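The next part holds the structures, each set out as structure tokens.
In the two complexes that follow, subunit A is the common piece, with subunit B as its partner first and subunit C second.
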Partner chain A sequence: MDTLLEINNLSVTVMTGGRELAAVRNVSLDVAPGEVLAIVGESGSGKSLTALSVLGLLSKGVARISEGEIIFDGDDLAKARPHVLDRHRGRDIGMIFQEPLSALNPVLKIGDQIIEGMVVRNEVSRTEARKRALAALTDVRVSDPERRLDQYPHELSGGMRQRVMIALALISSPRLLIADEPTTALDVTIQAQVLEVLKDLQRRRGLSMILITHDLGIVADMADRIAVMYAGEIVETGTVDDILSAPKHPYTIGLLSCLPEFSPPGRRLVVMQGSIPALDERIDGCRFKSRCPRYQPGPCDAPIPLIDLAPGHQCRCIRPFRSQLAKVHHA
Partner chain B sequence: MLELKGAVKRYSGGGSIFKKRWLTALDHLSLTVRRGEFFSLVGESGCGKSTLARIVAGLENLDDGELHFDGRRVPDISIFKDRQMRRRVQMIFQDPYSSLNPRMRVGDILREPLRSFGWGDAPAIEKRVVELAEIIRFPLSTLERYPHQFSGGQRQRIAIARAIAATPEVLICDEPVSALDVSIKGQIINLLIDIQEQLGVTILFISHDLSLVSKISDRVGVMYLGRIVEIGDAASVFSDPRHPYTRVLLDAIPTVNRDGRRQGAPLAGEVPSPFAIPTACRFRDRCSLAFDKCAIEEPGLDAVASTRAHYAACHLRDRAQPRKAAADPPRIPGVEIFYTNTSEHQPSNLAKETA
Partner chain C sequence: MLINQLGYRIAVSLPVLLGVILLGFVLMVMVPSDPAAILAGEAATPEILARIRSELGVDRPVIEQFWRYMVRLLHGDFGRSLLNGVSVVDEVTRTVGPTLELLLATLVIAIPLGIGLGVLATAWRGGAIDRAIMAFAVVGMSMPVFMTGLLLINIVGVQLGALPVQGRGGPIYTVQGLRHLILPALTLSMVLIGPIARMTRTSMLEVANKDFVRTARSKGIGERRVLVGHVLRNALIPTVNLIGLQAGYLLGGIVIAETIFAWPGLGRLAVTAITSNDTPMAQGTILFLALSFVVINILVDLITGLLDPRARGV
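The block that comes next holds the complex of A and B.
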């Protein structure tokens, strides 16, 4: 298969309390051109660290790639020198984060922030850059784009700021966009607008995207494939239909059953007992076992590999859920 | 139980000393919350939900209008001064970390309200602390720890235990689970439902998560720019919304179930500035159904024909447009392997302590 980005066996460690602990464990992922890959999982499962590794933005002295490769366009970004990373980041790989305020320069007008990059890279003249900035803002459906160019980030609403972030990320026509919880801080109505913009741009430009979110509803709407992460590992990966209609890993099933729309009748919600293990917790075998209703002493206490269930559908569980129930019912 | 009549709250938002600008957070809002019910308030951020919560909790004064508690008018700021009132209305917030004193042990956090509300002598207080620990399922040994030693979900449980310590009648919850992961949310929500059902506490629940609210609430109020625009039984409001704003809010929820998804185009525009609330119908500049009357006459929050206790502030409130329900209730194979956990959470010791 054609791939744009290939992550092989990526492990990331973080320094906490003077110790180096594994936070991302042997993660392998690939993204094809034009494909949207969603990474889902609870906070602390290693989603952001995985994304930051691709961007070369792990904070020095705190987090580092301890193993693995990240192949983009023939370069291994995991071992690339800073200037190679800089070349890809911002140009071939765009990024948007949850809080655009922290990514935008507060004392620079919106227009100048967008224009500056283009001028610094010596691509175009200032006038041409301003014209492109205007087009970019129009593309993300910012209202009143002309006026926005002369406004400061704090003068915009959260939704408008996130659109500016998208415009900024896409101005240099990257091939890959990494979006880490892009709409988590927004109201549902504004979230719906921003997602429409993202989806539309992604389709029109054939953009590849890594979408990190904890909201499975957004995933259903946006993604082609899903990787479910738990405690630093990928526990299940497959197409949106594989994962959302026929999940096999107990954790994936658990995530879905926690949603109000899949809860049993009555007012109470489903609870997954316990919480994600601490980084320094020693766990033999399955990292989900302390919360798993299908845990079996013995087999689940040995290392669990990622097992192929069907082409493109993998699951890290020795007792994956194998029910044909749904199909029988519908036949 | 709780009633707001024509409540008005304004905040000054800059401007010059001679000509201050005022933003209207609550605009002649009226609302009744019944004893023992789970009432939810929804709406976009900035529409006044938290302001309403702080007023009902007695943390702020109204500029105009009245707050009634248990049939009695509450004079301004009296909740603050009146210890009995403070005991009867308690509040929990979104961020359980900033609301818990980091230098106090959990046990002391629970003892504090009991002491200040005169719960009883030391043994009575200790007995109550043990009960509270049982309610939130904390082993007694953990009471010696500090808040930072707990996860976000556990801290929220501590905040709940502290709030219900001196048996309040109303518990106000302002976005209590918004910062928590899905797998943890359920613990807090189920605990709140237990507290309502078993202890008979009235719950005023504020949230922007409509799919959650639709499942757990008895009644729901939808707020827009400082006013309730629709209110009624949760089942009725969510299955047959009569205000176009409620409908677009529901349509905007991303859902996993593909049949039930995105029933319309996303709502255009953003919430207008509370400095300049549109005249007549306040929703008209974003409304796809707006017609001439909407710019002339303000729709009242009136009863929807042939419903019981369902009100909507829209001229078209009597046009029924039930939402398309998912053809098949969504079912995912295997989803029930976690269901037992739901019943395991059944309250064990809540009932006994009301007795």
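The block that comes next holds the complex of A and C.
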């Protein structure tokens, strides 16, 4: 199987209080053409840092790639110089961010923001670019697209702005789209609409996509494969079926149990105890052990590799679950 | 929409002007000098003085004097100089041109230079260039106008003999005019460059952390375009507002710079009028200087509206 993007042993450190702490640890991922990979995890699991690393968008002086490579089209984006990154940004890889309210420049017109990359790269003339922007806005189902082009972000609702972001990210027909929590900041009804737009575009264009989310509910619908991250590490990875029907890692199971779909009607929803460890907390062995119901002193305190359970299904646990998780169908 | 906004700004400026008129009037009334004595000269008899006072109306109650003053202002009558009988309006119109020249030249030097230095400091933040620029900004802000002026006169004018240091050389579009304009304009610019550079740097660093800058960077448009087209474009909004706030210092500076460089402008006219107790002339010039302050701030509001779509429509 050929790959479009390959992340090998990526480690990212962040600066806090004058100390450099590991926030992403030896993450390896790959995305095939046309494939949707979901990275799932709580806040602080390192999933956004991983995504930002791909386009070299980590905040200078705050976070940096300390190790590893990110191979795209023969370039190692982890060590690439700015002009190499700029060659891929927007044109080969587009990105959507979490906060539609603040991700658009407040003083520039929507249309100008959408076409800026194309115009700077001299892909097309301004008139042609405007035509494409109009088509792109229509594609993401923005109402009254002609008028929107000359409006400013503050004149649009959150859902509209996120659609604009999608149009912006896809205007130059990139092969890979990175969507960093694209719907987290939106109302539930708007969430569904925006996801629908994303899914539709992804399928129609055969787009590869990295979907970052903490919401397992939206993953089932869109993703082909899932990587579950916890405290900077990938703890389980596999196909959507692997992860959602036969999860093996206690953390994945914990996450799934919190979903209404997996708890019997009339019963309280399960809540996972504890919280993600602090970055500066020293942990030997399994990073999930303090919250793990299956923790066993000794074996769990030694470093645990990702273990192959089946082709394509890996789990960072020496005591993985065996049984299937029963999905409850609510009437 | 622009017309509405302009009308609104002018309307809210009227109380400011009224306050200035009142203040100018009160100050000149409180000064313990007798305009009649100035007019009549040394040899005046008490009878002559009394007659002049009653002609000027300065023997009336202060409230009545103010009322008469306001009525005359509304008729466009700003009075005549006590010293030489020239009409205040004529003197102001004669001197306002050179002052506007000086003001314009100052802004033309200070705004690009201040913003440019701010951008450079931001681009090399933490480095030697940044520190040098910020040190220069602090020195420039801390130096009083008269000191900068005298330093420039001494070094550039006297020791290097490079530029003229006294008076106006002609209209702004002539070589002589420009040569005479450089030093006073440079002196005044120092009032603005430091604050503008610092504000540009501060707000650029703040904007640089915004999410939309990351979006801009994700488009692959190059770091320079991100910095100028997105970061600076937003950082200009507070900078322009700062220029409006600094307008007061600028006008104070104009008065001093014009005096040092013998620039035949409104500021020097005001100083001469105040020091010689020429009440009508002093009130008139103060009013016009205040008016220019108001005009500058209206312009700043309009430019802010152009820069920031969120600030449009009052």
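We adopt the following convention: the second predicted complex is superposed on the first by the 319 of 331 C-alpha atoms of A that agree within 3 Å, B and C clash if a C-alpha of one lies under 4 Å from a C-alpha of the other, contacts with A are read in each partner's own complex, and residues count from 1 in each chain.
The rule we apply is simple: a residue touches a chain if its C-beta (ideal position, glycine included) is under 8 Å from a C-beta of that chain, and two chains touch if they have at least 3 such contacts.
Predicted model only: the values in this text are computed from it and were never measured.
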| item | value |
| --- | --- |
| Overlay on subunit A: subunit C relative to subunit B, clash or fit | fit |
| First, second, both or neither for A:Arg294, with subunit B first and subunit C second | first |
| Of subunit C and subunit B, partner touching more subunit A residues | B |
| Partner chain(s) touched by A:Pro264 [first = subunit B, second = subunit C, both, neither] | first |
| Following superposition on chain A: angle at subunit A, subunit B versus subunit C, Cα, nearest 10° | 80 |
| Which superposed partner A:Asn9 touches (first subunit B, second subunit C, both, neither) | neither |
| Which of subunit B and subunit C A:Thr138 touches, first, second, both or neither | neither |
| Contacts of A:Ser173 with subunit B and subunit C, given as first, second, both or neither | neither |
| Shortest CA-CA distance in Å separating subunit B from subunit C in the superposed model | 11 |
| Interfacial residue positions of subunit B with respect to subunit A in the complex | 44-45, 151, 153, 181-187, 189-190, 193, 208, 210-212, 214-216, 248-249, 251-258, 260-262, 266-270, 330-342, 345 |
| Of subunit A, residues touching subunit B in the complex | 42-43, 143, 157, 159-160, 187-193, 195-196, 214-221, 244-248, 250, 253-264, 266-273, 275, 291, 293-294, 321, 323-326, 329 |
| Partner subunit A, residues of subunit C touching it in the complex | 209-212, 214-223, 225, 229-230, 233-234, 237, 307-310 |
| Footprint of subunit C on subunit A - complex, ascending | 55, 57, 59, 82-83, 85-91, 94-95, 97, 99, 102-108, 116-117, 120-121, 152, 154, 165, 168-169 |
